[in-house]
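Chain IDs A, B, C, D, E and F follow the sequence of writing; residue 1 opens each chain.
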C-alpha cells in the first residue's frame, strides 16, 4: 500500500467531515488536497505532524473573493505531497498559528502577514520581516489594501534595549561573513550569543509580484536572479512547472543536456561555497583555488548558454540552442579529469587540516527530529543522515535513468555538511560522465510550443533539487498569459531559519562557521 | 600519550597543507592580464544585441519593424522601433531602434522572437561609461558605424 | 654663538649623536621594511593563489606600497563622532613607540646596533606590552562593539601568549648567561641555539605569531567575525600607523627569533648584516606562508592551546635546561 | 649636566602629572592612563637611580601586566560603567584632600627633619648582584612571594569560577 | 526615471601645487581599495575579478576592506532596494574622501530588469542616492567590464590612460 | 656648564614618593569605584618602591636590598591586582555595581 492510500484511509477515519481529494500528480505536482476550516486546521496539522510530515511551504493566494492560505506537506521517506488550504475572509483575515507544531511557520506566517495582512492568532512575534517602513499597503494583494496604523511593527526601527549583561550587535547587512545583505541581530553576552534574529528583505526584488505582471515567457530571466550560483537549477524548476502546466513534451536530448548543465552548475555553486566557507573561517587561499576551478565550468557553460552567471538557457519545450557537441564534450571530459585531481588537493589543504577540523567538528549540530519542524532540505538535511534528495524521490529531467548515490552525514554538524557537499561534487562528476555517455541525438526543442502560452486553469507545484535543497515553484493559472500567482519555495529560507536555534549559547566564531556551512544565498531568501 | 599523538598528527596535517600552498607558489600563474591580453570569449557570448545587415542590400538592416521584440522584452528595454517604407521595397526599413541596455537582462527573448533573425548578440564584453545615458544604444546608427568601419 | 654650539656638542657627547643617527637609521629601516613587506605579502599571497599580485604600478608592482602610503597620507582625516577623542588619537601613536624602541637594541651586525643595553631583551619585552595597551585603548576609544570585542580578544591573547614567549626565551638567556642581545648572538659562534633548543624555538615562533596577531591567530582583527577588529573605526593616516606597526612587528619577532635561535648575524662568507636580513626575511616568509594556508583558530582553542600545551611544555623545557646546565 | 637636569625635571613632571590625572580625572580609563604615565615616570626615575633592570621590570610588570589587567577588568565591567560618576559630593573631596595634604605635610616634615646619612659612593649594583641577593640571603622571602603569587592566581581563578557557576 | 539629486561638481582649489597634486592623483588612482560590499549577482562577478583568473591585484585594488573607514571605492554590485538604501548612504558617508563609486551591473545603474510598474521596493539607479563616477552595464558585467571600469576611473582621476585599449568588438 | 645635579639629591626622590603617596591616599578616600581605588593603591605602591630604591642608592650603595624589596613589591602588587580584580568582578556580578560606598552588606 502506498503512502498516499494509507494517509487517505487514516484521514477518513479520523476526520469524518473533512474532504480529502486525490489530485492528478502528473498535472498538479501534489497527491492530496485537503480543505480545512479555521476550526479544524490545528487538528489536521497535528494529524500530519504525527505521521512525520514536514512542512514544505506556507503561503497565501489572493482570489479577491477570499484569501486562501496554502500549506504544503511531504514526508522524507516517501513522496506524498499534501496541499492543505484554508479560506479566509479578505476584510479581516485571521487564522490560527501553526508555529507551535512547525517552528518554521513562525517566519512563514510573518511573511504572509506583511504581504497579505493575515493575522495569526497566538503567534509570538508578528512583526515585519521583509518590508520597510515606507510601504503602506499589502504588496501581494490584488487590490490596494492600506496597512492600518499601529500594525507596522518593523524590526527596522527596532531598537533593542540593552540589558546589563548583554549587548546587541548587528551582523550585517554589510558584513563580510553574511554572504550578501543578510542582517542578523545578535544578542550577546561577551563572546557568547544569547539569541539571533534574522532580518530579511534587504534584497527583496519582488519576483512574486513581478510574475503577476509578466507573461510566462517574460518571467524566464527572473529565476536565475534568485539563486545566481545555481541559476540553471532555478531556471529548470520554473520551466518544468510551466511545461507540466501546459502539457508540453520535452525531447530526450534536451532532458540530458539539462541534466548535464545543471550538474555542472551544481558543481560551480558548490565550489563557490567551498571557497566561501574556509574564507569565513579565515583561510583565503582555498577561495582562490575554488574560483579557479569554477572559471573552468563557467567557460564550458558560457559556450553553451552565452552567459557566465545568470543563465537564461532553458525554454519551454527544450533549450535556447543546441550544444556545440565536439567542444562541449571535450571540455567537459577534461574538466572532470582535472576536478578529480583537485578534489584530492582540497582534501589535503582543507579537509585534513587540524585547525579546520577543530573549527567545524561537533559545531552546529542539527538533529534528525528537527528536519520536519523546520523543513530544511538539501545538503543540510542529508548531513543529518536522512537521504532525502528530490532527484531520487521525484526524478525529473534525465535523473530517472541515471544511477547515482546520495551522500549522507552522521550527526549533522558543520563537518558533515562540508563532507556531504564535497561528496556531492564527486557524484555530480559521475552523473555528468554518465550523461555524456548516454547523450542521445535528436531535436533539442519541440516545435509545438505556441508563441503565446495560455495554460489551462489550475495550479501546479513543481520541485527540483537545487544546490541548496528543495526548490519549488507553485503557479496558479487563470487561463490568461500571465500567472495569477506564483510562489517560490526556496531552500535557503528554511535552512537559514535553523540558525536562531543553533546559535543559542555558542561563540560568535562558531555561529559564523555555522552560517557559512549553510551556503545561503540571500537573493533567494528575499526573492 | 594521546595528546602527544594528536599534536604530532595535527602538526603533520598543517605541514601537508603548507606543502600544497608552496607547490602552488612555484607553479605558473593562471592569470589573464586583461588589458594586455584577453580571454577567448565564446562566440555565443551574450552582450547587448545588434542588428544584422541585409545580405541583399547592405545599406539596410534586416529589421522589418514588426515590433515583436519590443512587445516580448521582459523589462521593456527596447524602445522606439521606428521605420519607414522606402520606395521599391516590400518591407519597412528601420530608422531608429533604441535599446536601453541598462535594463536589459541578456535573456535572448528578443533574438528568439524576431521573425526575420535580424537581431544577434554582439561581443561587446567590456562597455563602461560615465553616465547611464551612454548605454541607450541606437542599434541602427551603430550598424551604420560598423558598416563604415568595414 | 659658536661657543654654545661646541658646548652643546660637548655636552651632548658622542654617544647621543650616535643614538640620534641610529634612531634616524631605525626610522628608515622601519619604513623601508614595512613598504617592502606589504609588497612582499601581496606578491607572496598572489603567487600562492596562482595569480600575479601587484604588477602594473612600477616595475613588478614595486611602487604599489608607495602609492598606498601616499594615498593614505592624502586621505581625509576623519574622526567619527562618538569616539573618546584623546584615546582614539593616542592609540596609533602609542603603538609606534615600542616598534621604534625595539629596533634600538637589535644587533643587525657585530657593530651595527644603535645601542647595546645589558638588559636588551627586557627592553623589548617591556615595551612590547605597550602594543597591547594601545590596541586596548584604540578599541575602547572607537566606541564600536566590534572594536571592543577585538580589543578584549587581543588582551586575552597577549596575556596568554606572553608567558610562553618569555619562558621560551629564558633557556637561551640561561645558556648565554646574558640579557644583552649582542652577547646572545655572539654566544652562538659555534652552534646555533636552535640545535640545543628546538622546542623552545617552536614555542617561541608559535607564540610570536600570536603576539603579532597573524593568521592562524589573527582573532583581534578577524575579518569574517569582527569586520576589521580593533581598527574598524580608523582611517587614513591613523590606520596606516596600525598597518605599519603590524608589519614592523612581524619583522621584530623574526629578528628576535633569529638573534636568539638562528645565530643572529653569524654566517660564513657574506657580511653579518646580509645574513641577518636573509634569515629574518626567511622567517617572515614562513609567517606569510602560514597566513595564506591556514584557517583561523577559535578564541577558546587559542587560549587552551597556550595554557594547556605551550606553557606546560615551555616550563618543562626550562626545567630540563636549567637542570642540565647546573648539574 | 644641564640636559640631564632638564630631562629629570620633565620626568618628575610626567610622574606627578600622571599621578594627578589618576586621582582627578573623571573616568576610570583616563585614571588608568594617568597611572601608566606615572609608571613610565617612575621607571625613568629608576634609570636616574642607576637601576635600569628595575626600570625595565617596572614597565614589564606594571604596564605590561597590571595596567593591562585593570583595563581588561574595566572592559569586562563594560559599557554600563563606561562613564560612572567619579565626582561625588564636594564635601568628601575636601575631606579627602585634607587627609592627603595632612599626611603629605607630616611626612614632609619628617623627611626634612631627618638627617639622612648620604654616602657619596658610586652606586654600582648590577642585575647579577640583585640575583645573588635574591637567591642567597633573601631566598625565604622570595619563595614566600612566589607562594603568595601562586595563591593569588589560584584564588583569582577560584573567584572567577565561582562567579561563573553562580550565573 | 527619477530625478537626480546629485550633480558632480569639480571645484578648483584656491592654491594648487601642480606636481604634488599629480603625485597624489597618481597614488590614489593606483591604490583604490574597495569596500567589501556585495549586494547581489554582480558581487560574484566582482569576486571573480579579484580571483586568480582576472586578478584585480595587478592594479593594487585587491585590498578589499571590510570597514568603510579604510576604503576609497565603493563598488555597488547589485540591486539597491529601498530597505538597503539608507545603509548604503551611511556606508558612503563613512568613507573618508576622496572616494569614488562604481555602479556595477544594470540593477545598480537603473534598477535593471526589476523595474516594472507598481514596484514598491527598488531604487531605480544608485545615482539617485550617491554620486556615481563610473557605470559598468551588464547583467552581470563580465569581470573584464569591471577592470575596464577601474581603468576608466583611473583615467578620470589622473586624466590619462596608462593601459592599452583592447580591440573593440561589436 | 654643569647642572645643579637635582637628580643627585635624596630628598627629591623622597618628595616624589611622598607626592605619589598623597595622591594615592586622596584617590583611595575620595574615588567611588573599586577599580579606581585599586589604581590609587598602585600609586602608593609605586611611591614606596621609589623610596626604597632611592634609599638603596643614597644610603646603602653597596647592597641591593632596596632593589630586591622593590621587586617584591612589584610581585605583591601583581598578586594583589589579580585578586582585587577577581573580587571586583565578583561584586559586579552580584550587586551590579562596583561602587565602594554602596557596599553595605559586606560590613555586616
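Simple rule for what comes next: a contact is a pair of C-beta atoms (placed from the backbone, for glycine too) under 8 Å apart; a residue touches a chain by one contact, two chains touch by 3 or more.
Keep in mind the model is a prediction, meaning the values are calculated, not measured.
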item: Given chain C and chain E, the chains that contact each of them; value: A, B
item: Distance-maximising chain from chain D - centres being C-alpha averages; value: B
item: Most heavily contacting chain pair (counted by C-beta pairs in contact); value: D-F
item: Centroid distance [mean C-alpha coordinates] between chain F and chain A, Å; value: 64
item: Chain B-chain F separation of Cα centroids, rounded to whole Å; value: 74
item: Distance from the mean Cα position of chain D to that of chain B, given in whole angstrom; value: 71
item: Geometric centre distance via CA averages, chain F-chain E, whole Å; value: 57
item: Chain C: positions in contact with at least two other chains; value: 11, 46, 48-52, 55, 223, 227, 292-294
item: Junction residues of chain F, two or more chains touched; value: 1
item: Set of chain B residues in contact with two or more other chains; value: 14, 17, 20-21, 24, 29-31, 33, 74, 105-106
item: Residue ranges of chain E in contact with chain B within the complex; value: 52-55, 58, 103, 106, 109-116, 125, 127, 133-139, 141-145, 147-149, 151-152, 156, 163-170
item: Of chain A, residues touching chain E in the complex; value: 131-132, 134-135, 139, 156, 173-176, 180-181, 201-206, 209-210, 213-214, 221-222, 225, 228-229, 272, 287-289, 291-292, 295, 308-310, 522-523
item: Chain D residues within the chain C interface of the complex; value: 1-3, 29-30, 33, 36, 52-53, 56-57, 59-60, 63-65, 67-69, 71-72, 75-76, 126-127
item: Residues of chain C touching chain E in the complex; value: 42, 46, 49-57, 61, 63-64, 66-68, 70-71, 74-78, 80, 223, 227-228, 231-236, 239
item: Parts of chain B lying in touch with chain E, wherever the complex brings them together; value: 29-36, 38-39, 47, 50, 74-76, 100-106, 122-132, 134-135, 142, 146
